[in-house]
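Consider the two complexes below, in which subunit A is the common component and subunit B and subunit C are the respective partners.
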Partner chain A sequence: MADVTTYAAPADLDRLRTRALYAGVAGLVVCGIGLVVDRDHFFRSWLTAYLLFLGIALGSMAFVMINHLSGGSWGVFRRVFEASSRTLPLLAILFLPVVLGMGTLYSWTHEDHVQADEVLRHKAPYLNVGFFLIRALAYFAGWILIAWTLTRLSKRQDEGDMSVNLTLQYVSGAGIVFYAFAATFAAIDWIMSINPHWYSTLFGFIFIGGQGLSALAFTIVISAWLVRREPMAALLRPSHFHDLGKLSLAFVMLWAYFNFSQYMLVFAANIVEEIPYFIARISHGWQFLALFLVIFQFAVPFLLLLSRDLKRTPYRLVMVAVWLLVIRYIDLFMLVAPEFDASGANLHLLTGEHESGFYVHWLDLAAPLAVGGLWFWMFLTQLAQRPLLAVGDPYLREALQSGGGH
Partner chain B sequence: MAHVAPTATIYGLMAEFETPTGLVEAAEQARLAGYRKLDAYSPIPIDELNEALALRRTRLPMLVLAGGILGGLAGYGLEYWSQAIAYPLNIGGRPLHSWPHFIPVTFETTVLGAALSAFVGMWALNGLPQPYHPVFNVPEFARASRDRFFLVIETADPRFDRHGTEQFLKGLHPVGVHEVAP
Partner chain C sequence: MATEHPHDRLAHVSDGSAALRVSPPVIAPGHTFESVTDKISGIVLTKRTPIGWFFGFAIAFAFLMLLNLTIGHLLMTGIGIWGNNVPVGWAFDIINFVWWIGIGHAGTLISAILLLFRQQWRTSINRFAEAMTLFAVACAAMFPLLHTGRPWLAAYWLFPYPNTMGLWPQFRSPLIWDVFAVSTYFTVSLLFWFTGLVPDMATLRDRAQSKAARVVFGVLSLGWRGSAKHWQRYEMAYLLLAGISTPLVLSVHSVVSFDFAISVLPGWHATIFPPYFVAGAIYSGFAMVMTLAVPLRKFYHLEDFITMRHIHNMTKVMLVTGMIVAYGYANEAFFAWYSANPYEGYMMMNRMTGPYAVFYWSLIAINAAMIQLFWFRRVRDNVALLFVLSLFVNVGMWLERFIIIVTSLHRDFLPSSWDMYAPTRWDFAMFTGTIGLFLSLFFLFIRLLPALAMFELRTIVPQAKVQAGHHG
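Then we have the complex of A and B:
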């Protein structure tokens, strides 16, 4: 039941939740078929789709912590961010296919391959199966611990315990540092090491910036859905969406800034360890996807988000947000896919010179349906469990007022 | 509250409110009553006031956009002219028109052009500096930068009527109505 005084979730959330579960299960079935008939593509597609939803959850957790530290009237969206961050235990389970597919995804898991390659022999103390698993376990343990602690404290705040306010800030300060380091190493482990010779110091930032953009876009979509229903209809104002729109604009620019910086540094240095990554992505058809990303993940959203009217109109802002989520997936596809060829084979496991031509596989649609459906089901379950506003937040009253602080 | 003499020349009448909501409602009422020469003063920015007063949108963003585009073109043009035309140097075999190297300068000059046009345009459009304004003749107005909210209807408004406007303002539940000496 939609109840204005307790800020309970809208009644039709349950229907959406059931549909998400059906979609997820249907996606899982298709992925199961994919695993049998096209094993290599399954693991690659799963990793790509997985990274999108992990990005929403982790980016959201980072925004919860930033909001505890900075305040701001966009804190009215904190419950949406918190619900996303509480999906991390499910995401830890959904990581299992990546572990099972390590042999396909990461060439450095093959002992004979490592022994034949001097660079990989040197990287072996870091890039080996045991340490990879220990690290993954540590990332998830840390992230889940942070999300759980923040949620527990925020619940006590709801109940009127003002003593937790300072604790929330301490946890957030430490949590941000852990998140940034763990996400950087995760980006190296899970994406960069697909091409084990390549390295880029900006890669972690690109990963983190992308997570921020995904989290904002997703939160805009959910909030635009909530604002059409009670109890949020009267509470969320154009100025609140304006804030999310402004942050999205900043993250769109950040994406372009990081990616261009990485490209320019590699272009300027022109050394043999770094350029293959880009050559693979600006040839054999991939260059069109690269151009597509520049135009549709930067230029078009940037120009649209400049408009004040668009940012203050939820039903128009949400269209940009949905597009941003789609293009985030395409961007992650661009990070992963060119390291494999159209048959699904890992190029770094093949002997001799091999290049990948542009391809898309049907599992690239099934995997996001499976991961996304299950994830969205979990998200809605979490969203429904708590009031839609952080009622104990000392800044909430101010944030809901007209002209409240930003 | 000062007694309002019927014939004295004044700048206008000022109503004082305790809350931003009171000010926004008063501004809406004044617009509805047909007053056009009115202004509001508040210690904090109030988004809703723009709509209540039906203020025209500032042209500043367009000016900033134009400044940014001009700055960017100038930066890229400078790079292109110096690298490819005036002083063509072969650096590591790269093409003379190596556009990725031109982007940082283009970005910086875009920001510079936008920031300069924002600074100059803001001063050109906002009417500052203004060394004298009649509203400061009202002693209570000192609280406009602290905790009070003011609405002023100017004498220049065609619908302004000394007695009628005062009665109208009093009907909006202000803390007080003051006359503003010119």
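Then we have the complex of A and C:
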């Protein structure tokens, strides 16, 4: 097989790539205007959009590692996952606006504010600007190192160097452990600490599970595009999409399981350290968005993904996947936005009691366009650089043939 | 060559060098339909029971009698014979309940989730792992029943039967959800196990020499004749039961964790509890499967069926779930500080440096440090060592529940109500007694029923691959 085709990416990928770049630049321009006219909203929207694409990249990297460790016929999608993980250097750059907007996003960056608050004084050894930046640097350094090592070894595997197979497993084992801890602390740093009094021990899992769902949904979207073109048209079978669909179903259930557990336990205990986070999200209009998430990130995708036919039909599965990406963004919006009010002010920096009513800002549409366009451009650039199949993968033949009867 | 799993074959074809470590096969080479059936049915249908079986059963049975004695004493005297006190009103009863329920989870995971994931290696360990689940749940159920002191009233308190007195259970309490979760779990596990046994019961019926055995196995085989229609319905039923069981792997121990996490007690009220408890349950369950599988394959010479592949994979599952448990410990410790809540902070300090610190550090030594050994292939190859390590894991997971329950209760918000907890000899009698019950049931099971699924093993011998087509 490997000698008759190079499994190069389809020719019209370049056109798509150019469009992604245009979209990204257009989004950047709008965001630039937003930064000038509505600074506070810009940083909040950027962070939300940023987390969606970071989630795709990191979730994809985790799936690459899991695939090296567990095998499985969904390994035919490894190149898509790998290309996503190679966008991490760009994501490190796109993180800069978050750094610049720390003063707006995180109330604990204000020294006077910290001094006036006993809880924040206690947390100051962890929540301070210097350590926050060092940690961010460490997360990105670790993630990029892992992604780079995996992709370099994967290239050597393509060239027929079988000695890397075992190394890939070692790197993946250690990499998964690093990824899980770093992602947990990143979730604390970048999202949880917006509301610096609140804490939930499950939050890291919620963040990681969301990244897995985003990565799967994105991979379905790309694969459904690829399967309509050569060379993948001849290679991907319904069973391969079936596997991705089943994994998505599992992650949809996991999302519901984690979020129900967190909500139920906090709601029932009803203690002052925890409950404000949820009160903000079940009142002032946010409760409708909460209900929307329950229905459209769990109930509807769950029922749709139960269908075997849907999972095995790429053009139908892709509709669910696109929706899942949209709802992932809305879910991240729900994590971030209620901590700010409609004027963009950080509620934790205001004195006295403040509650935010439901709002959406035009930057919430521009920011995903900017981050997403640039990210997608980077992704397609990376995807085109390698054969679309990991031709050196010793399990590839089995993966390609698998599942005909199931 | 033909006997190997497809993974192994491909590894040979694609490189030929020792680049990939070739996994051991799921069944040793050279077996046929007949040799599999002869070997496994022979354990049951033989007239001669090995002397070692009597020896092991006698010890287990002695502990079972100790359990009976303890229950008798408990019912006559009341739960004052236990070490429970104020403030530690929950102790060995709930520790042991959670420990046993957790152990049961491996059976459900192996039978349901690994089936849905089409993992062939489940085939030789599912039967006895499912049996283990049932026996573990039976042991677990003893504790909530008996901790009431008057178990004949349990139905009155726990089950929502329609009654004219207007007494209903507190449906908002996870303790009531537990009753439903555990009884559902037991029922589904039993159905799953028995359904899987039916074709093998028919094999035993056909091969039995004595009339009594023919009658008993004949009844239990439910008229199985092995027709295509029977197989088709069997496959459908089995798959459906697997689907029903799958959520139970997550839900049962999540509900158990809610028992604690729904409270406001530091050390109990943590949102991470559901997934962390589920991971711990699977971790301890696989440790128990390992504890049982290693002697079983040794004494009955089942190395051909429970191969190194199974040992490796079970160790890997223990590593993954154990790492999640270790993540949970790190997470709890960090958030105890990050919460800035003095009670949370004190709870963690008390665990680490208080009167029970030795147990806390023992469980960290086992569940966070020792399991790192499982990364190494040399450890995964050493069956005797794994047996010892699996015993440690059982101990470590018991200690985890002890730490969670006792350290949180014995020093809560008001220092004036603090007290120490120490179990009495009856606590230990009850605990070791349930181990006796568990092992007695297990000894009877391996003597009276096929401990490995014969008809499923027949689907993975080379003969089955030559004849085209059918397998679930």
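Going forward, the second predicted complex is superposed on the first by the 397 of 406 C-alpha atoms of A that agree within 3 Å, B and C clash if a C-alpha of one lies under 4 Å from a C-alpha of the other, contacts with A are read in each partner's own complex, and residues count from 1 in each chain.
Heads up, the rule we're going with is that a residue touches a chain if its C-beta (ideal position, glycine included) is under 8 Å from a C-beta of that chain, and two chains touch if they have at least 3 such contacts.
These figures come from a predicted structure and were not determined experimentally.
Look at subunit A after the overlay: subunit B and subunit C clash there.
In the superposition on chain A, contact is made by A:Ser239 with subunit B only, not with subunit C. Residue contacts after overlaying the shared chain place A:Ala268 against subunit B and subunit C alike. When the two complexes are overlaid on their common chain A, residue A:Phe140 makes contact with neither subunit B nor subunit C. Here subunit B and subunit C are compared by how many residues of subunit A each touches, and C touches more. Of the two partner chains placed by the overlay, only subunit C lies in contact with A:Phe258; subunit B stays clear of it. With both structures placed on the common chain, the touch criterion links A:Tyr395 to subunit C but leaves subunit B unconnected. In the superposed model, A:Ile188 makes contact with subunit C only, not with subunit B. After superposing the two complexes on chain A, the stretch of subunit C that clashes with subunit B is 165-173, out of 129-137, 165-173 or 381-389. Under the contact criterion defined above, the residues of subunit A that touch both subunit B in one complex and subunit C in the other are 264, 268. Listing the residues of subunit C that touch subunit A in their complex gives 6-7, 10-11, 14-15, 17, 19-21, 118, 172, 250, 254, 258, 261-264, 269-275, 323, 327, 330-332, 335, 338-341, 375. Interface residues of subunit B facing subunit A in the complex, by the touch rule stated above, are 20-21, 24, 44-48, 61, 65, 92, 94, 98, 100-101, 103-104. Of all residues in subunit A, those touching subunit B in their complex are 238-239, 260, 263-264, 267-268, 270, 306, 308, 401-403.
Within the complex formed with subunit C, the residues of subunit A that make contact are 71, 118-119, 122-123, 126, 162-163, 165-166, 173, 177, 180-181, 184, 188, 197, 199-205, 257-258, 261-262, 264-266, 268-269, 271, 273, 394-395, 397-398, 406.
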